[in-house]
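After this come two complexes, each holding chain A, first together with chain B and then together with chain C.
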Partner chain A sequence: MEQVMANGVYLGSQYAMIALGLTLIFALMNVLNFAHGQMYVIGGFVTYTFYGQWGVPFVLALFMSCMTLAIIGALIERYLFAPVIKGSAREESTMLLAAGIAFLLDALILLIFGEKQRGVPKIVDGVFNWDFRLIMPYDRILICVLAILSIVAFIALMQYSKTGRALRALAQDRTAAQLMGVNVDRYSMIGFALGAMLAGLVGGLLVTITGVNLGMGGPTSIKAFMMVMIGGAGVISGAIWGGFILGFMEAFGLAYLSQYGDITYLLIFVSLMIFLAIRPQGLMGKPWG
Partner chain B sequence: MQRRSLMKAAATAATLAVFGATTAAAENPVLKIGFVGVTSGPAAAWGISNQRSMEARAAWINETGGYTIGDTTYDIEIVSFDDQKDPKRAIAGMEKMAQEGIHYVVGPNVDDGAAAVRPVAEANDIMYFPYAFPKELYSAPASNAVLGMIANYQSGPAIYKHLMENEGVKTVAFIAANESDPLSQRESGVAAAKELGLEVVSDNVTYQVDTTDFTPVLTPILRARPDLLVLSGVSPANAPQLIRSARELGFQGMISTETAQDAGVLAEGAGDLANGFISVGGASTPELASPMMNEFVERYTAMFGEYNDESNTKVYALEYILETLKATPGAIEDVAAFQASMDDFSAPNPYMNGDEQLTYVGMTSFGQKRQIAVPLVVNVYQNGAFETMFIARVD
Partner chain C sequence: MNFSKIQILGVLVFLAVVFVGVPVFIAATGRWDFYFTLTSVALLAIASAGVWLTFYIGRINIGQGAFALVGAYVSAILVVKAGWSFWISLPAAGLFAALVAVLIGLPILRLRGVYFAMITLVLTQVATLTALALPITNGAKGITNIPLPGGISIFGITLIPDFSTLENARMAFYFTAIILMIITYAALYRLVNSRLGHLCRSMQQNEELASSIGVNITYIRILIFAISSFFGGVGGAMFGSISQSVYPATFVVKDSVDFMLNCFLGGLGYVFGPMLGTLVLYFGWDLLFEFGKYQMLIYATLLILIIRFLPNGLLSLRFGKGGGK
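After this line comes the complex of A and B, so read on.
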């Protein structure tokens, strides 16, 4: 049980971080960013290039990953999403655009970084072993702590900074925020860049454990959507809850159901369907959206 | 007016340049060889090594004047189609090959794709060379598919037997991804292990293809404390993570797979934790590799920046097709002639030292010669590189 709980916390913290960026972008712009997983993959590859290939210190490589994704996110918002949102009232337009960006990023990743699985040297060696009841490599513990600290820092930023207040105002009511003097265009771009930066941050952190490859983007996006649906689309606390719930469900399923074959995700999806039928707005979402 | 003249001149120059390039490239007639396989998504590494091997070899042939079959020297053109590991797209790819009049196709890379294209290939007189293991594709009445590699039911028993005799392995556990190829390989692996007298202590744990953290998946298996952990059909992307998680969880036994892996990927993803990992290798160890194989590796690396270890197996399919056509020139348009020639076909193997021959095999596994003969090389990973564990042959 100790091992299962530890796995749940570890998986939950990384999943929550993945979901945070996605839900932030959804809250600000009502855009389902299908390319979020690909942004995560780019984050992993940037850290791989700087830390794994060029020997740059890990922290600096992580910073480069965040900056790269923030710039990519800002450019995507300014030159792709913003014009489409202004020119089309239909939500399908942004969804199709997001899907197109996902394919484009996949192609670019293949061209720039190749098709192979990539990994980086461990940032911390050794394994914590409590009498074989709880085994956890130190690098996982470190990444878990960093992920939780990042989540706390993000919440603090959203809660107490001027930017955070503007972003929250934008998410609550775009028109009202504009009337109150919030520069909507500017903060939309900042919000999208921040969401993309979170994808870059988690990609950079997790490449030290899971490695990275071209094909990880799509499945990562799907998991992120599941977490957002569980917690409530567009709600920051919902994304965190969704991440930890999915992490614990996965850890329990793999520990106790594996002898029945690979039914963990089957049960997770069935549970999600039933849950959404009862509470379509998710745990923390409002009934009206 | 001036601008229009300038544009006209530019258009004329561009047309002439394109025409000139086409004429230069079209000195020899072109022989098209197809490739239908996965070159995107998580399994992209498998298909890309196929496609790039073919493109590197074709470029080499064309650069050195073309390939002579009968009285004609051809330039080789590789026509590729990414099936995205989707059987429906694999069928579309094979139909595209048929529309282009192509009779020889390499791929698909996975079981369901290879099975899906069979009716299209047979209806359109296409010989295809899958990297997939279902025996019914290669056994009569099927006749158009030729297995392009060593199957797991050929390599698995050889590996287990070797480990039983030399390492005292008595118990084994299997883990596979939850999709058709790895599951099928797990089933045949379990059957082979039982037949050899190994005790199978775990054979039902699977993982999602997109899993990135294997610690929770492996925990229940490792409680069974097997001597050998078999990663059935594991992809190069998943292998390092599985090995790393198993070792970090304290597993001291042996780990093996029947799929080919990439030493660089293992080094980056698992480092020294991968030492001792056993896998089926490419077809060319340093001792086996001829100067031509070494030149192939150099050319591939120059073209694509980085070599893929699997490609020394995947260079063979194109070579077999061309050499068989050279031996039977009429087979360029007549697949029946190609099939008729397979039983007696033999040509020097340019990629191996010594007097090795290119021949078709498969009598034991399929009852007919529907497999290309590449050596069964079993490798063990040690400190960033593969060392040859043993070499065997398949009939």
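After this line comes the complex of A and C, so read on.
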């Protein structure tokens, strides 16, 4: 039981970070970013290149992967999403763009990094063992702590900094924020970059444990969509809840249902559909967000 | 409905191209593989027509792959295990998909915008996992060796020949798929220009307002979703029959996303948008094959450029920004 709970926290903290980036982009731009999983994979590969291949210290490699993704995110927002949103009759058209970007990033990853599974050396060795009731490698604990610290830092940034206030205003009401003197174009770009950066950060963290490969992008996006749905689209606390709930469901499913075959995810999907039928806006979302 | 001369001429040209032009071209160039490609385009266009119809009531449907998979399995099971004729299993597959759509649609059609989009995305995954888990679908092994469609004859006159006796089944499939596609789009065009179509348009703009002036929005959206899934089921069933096999991975999330992209690419404001979108996306991908490992890169770049400069779809090029139908 303790083991399952610990796995839940571990999975949940990573998932929450993925969902945070997706929900931030959605809240600001009303864009469903299909390419979020691919951004995560790029983050993993950048950290792999710097830390695994060139022997740069891990923290620096993590920083590089954040910066790479932030720049990619900013460029994508500035030159693709913003003009398409302006010129399109229905704002759903951005979904075609997002899917196109997902294809493009997939192609770039394939050309630059290849399709092999890549892993990096462990950051710390050893296994934490509490009387055989709870066994967890130290590097997993470290990643989990780092993930939770990043979430706290992100919340603090959104809550107390000027940028965070502007972003929250933008998410609440675009027009009103503009009337209050928020530079909407600039903060959209910053917000998108921040969302992409979160994807890069979690990709960089996870490459140390699970490794990274080309095929991880799509499934990661789908998981992120589910977490956002559980918590409510465009709500930051909702994304964190959604991430932890999915993490715990997965941990419990793997522990208790795996003998029945691969039905954990089927059950998760079905319960999600029932949940959404009862509460369409998720746990904390605005109705019809 | 009054058709202008240009519209009638356009339809005639289209029919001439697909029924005479394409076979002549293929016979001349010897590219028999184009038959398979164009058949797939026609079938995927049928499923995309359904997605377009759900867009018409203001819902983003990324779940068409689920209904295509349901249709493919229903037809395959009826043909292989119950020994039905394929031609009866085809509408049965569509109707079953529509029935599933009604059951699922009742709760989830209350959702809007991004919530509906995401739950339908999950729906495709559910369909794939269900196909893996159920005994009747043979799990991951799938249903293989589906016989080719048999013949139909009334009073000794052969209406449809038995496909397995034909020397060129690919051509027969091509004509079947094209005819089905034409029926689908004719039905879609008729629907959009009917009273129901106008009601849908009012829902797309403002559901509360439509409801307040007496439109039964629940009934309409279930009906539209059922019709949309019917198209998906028929397209999927036909696809299974051509490849003579159905697997849980025959239609996955990526296919559902593709169906949606077809609609965006052609243009959401135009009935024939999904047809053009499917042709461009599927055929374009095939044509780029010779670029080898750069295929995906070029394809994605072109896709991004199209949406960047024509955000309202390819058909908006002809009709101007936000123009008519």
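Before moving on, here are some points about what is shown:
Operating definition for what follows: the second predicted complex is superposed on the first by the 287 of 289 C-alpha atoms of A that agree within 3 Å, B and C clash if a C-alpha of one lies under 4 Å from a C-alpha of the other, contacts with A are read in each partner's own complex, and residues count from 1 in each chain.
Following the convention adopted for this analysis, a contact is a pair of C-beta atoms (placed from the backbone, for glycine too) under 8 Å apart; a residue touches a chain by one contact, two chains touch by 3 or more.
Small disclaimer: the values here were computed from a predicted structure and weren't measured.
Once chain A of one complex is fitted onto chain A of the other, the partner contacts of A:117 are limited to chain B, with no touch recorded for chain C. By the touch criterion defined above, A:176 reaches neither chain B nor chain C. By the document's definition of touching, neither partner reaches A:157: not chain B, not chain C.
Contact with chain B, but none with chain C, is seen for A:11 once the two complexes are overlaid on the shared chain.
When the shared chain is aligned, chain B and chain C each come close enough to touch A:265. Judged by the touch definition given at the top, the superposed model places A:95 against chain C, while chain B stays out of reach. Shared-chain residue A:149: touches no atom of chain B or chain C. Look at A:60: by the touch rule set out above, it reaches neither chain B nor chain C. The intersection of chain A residues touching chain B with those touching chain C, taken from the two complexes, comprises 106, 110, 218, 261-262, 265.
Contact residues on chain A toward chain C in their complex (touch as defined above): 26, 30, 32, 34, 80, 83-84, 87-90, 92-93, 95-97, 99-101, 103-104, 106-108, 110-111, 218, 222, 225-226, 228-229, 233, 261-263, 265-266, 269-270, 272-274, 276-277, 280-282, 288-289. Across the complex, chain A meets chain B through its residues 3-4, 7, 10-11, 52, 106, 110, 114-122, 127, 129, 132, 135, 137, 140, 206, 209-211, 213-216, 218-220, 250-251, 254-255, 258-262, 265. By the touch criterion given at the top, residues 55, 60, 104, 107-108, 110-115, 117-119, 121-123, 125-126, 129-130, 132-133, 253-254, 257, 260-261, 264-265, 268-269, 293-294, 296-297, 299-301, 303-304, 307-308, 311-313, 321-322 of chain C touch chain A in their complex.
Within the complex formed with chain A, the residues of chain B that make contact are 39-45, 48, 178, 204-210, 212-213, 215-217, 219-221, 236-238, 240-241, 248-250, 262, 264-265, 268-271, 305-306, 308.
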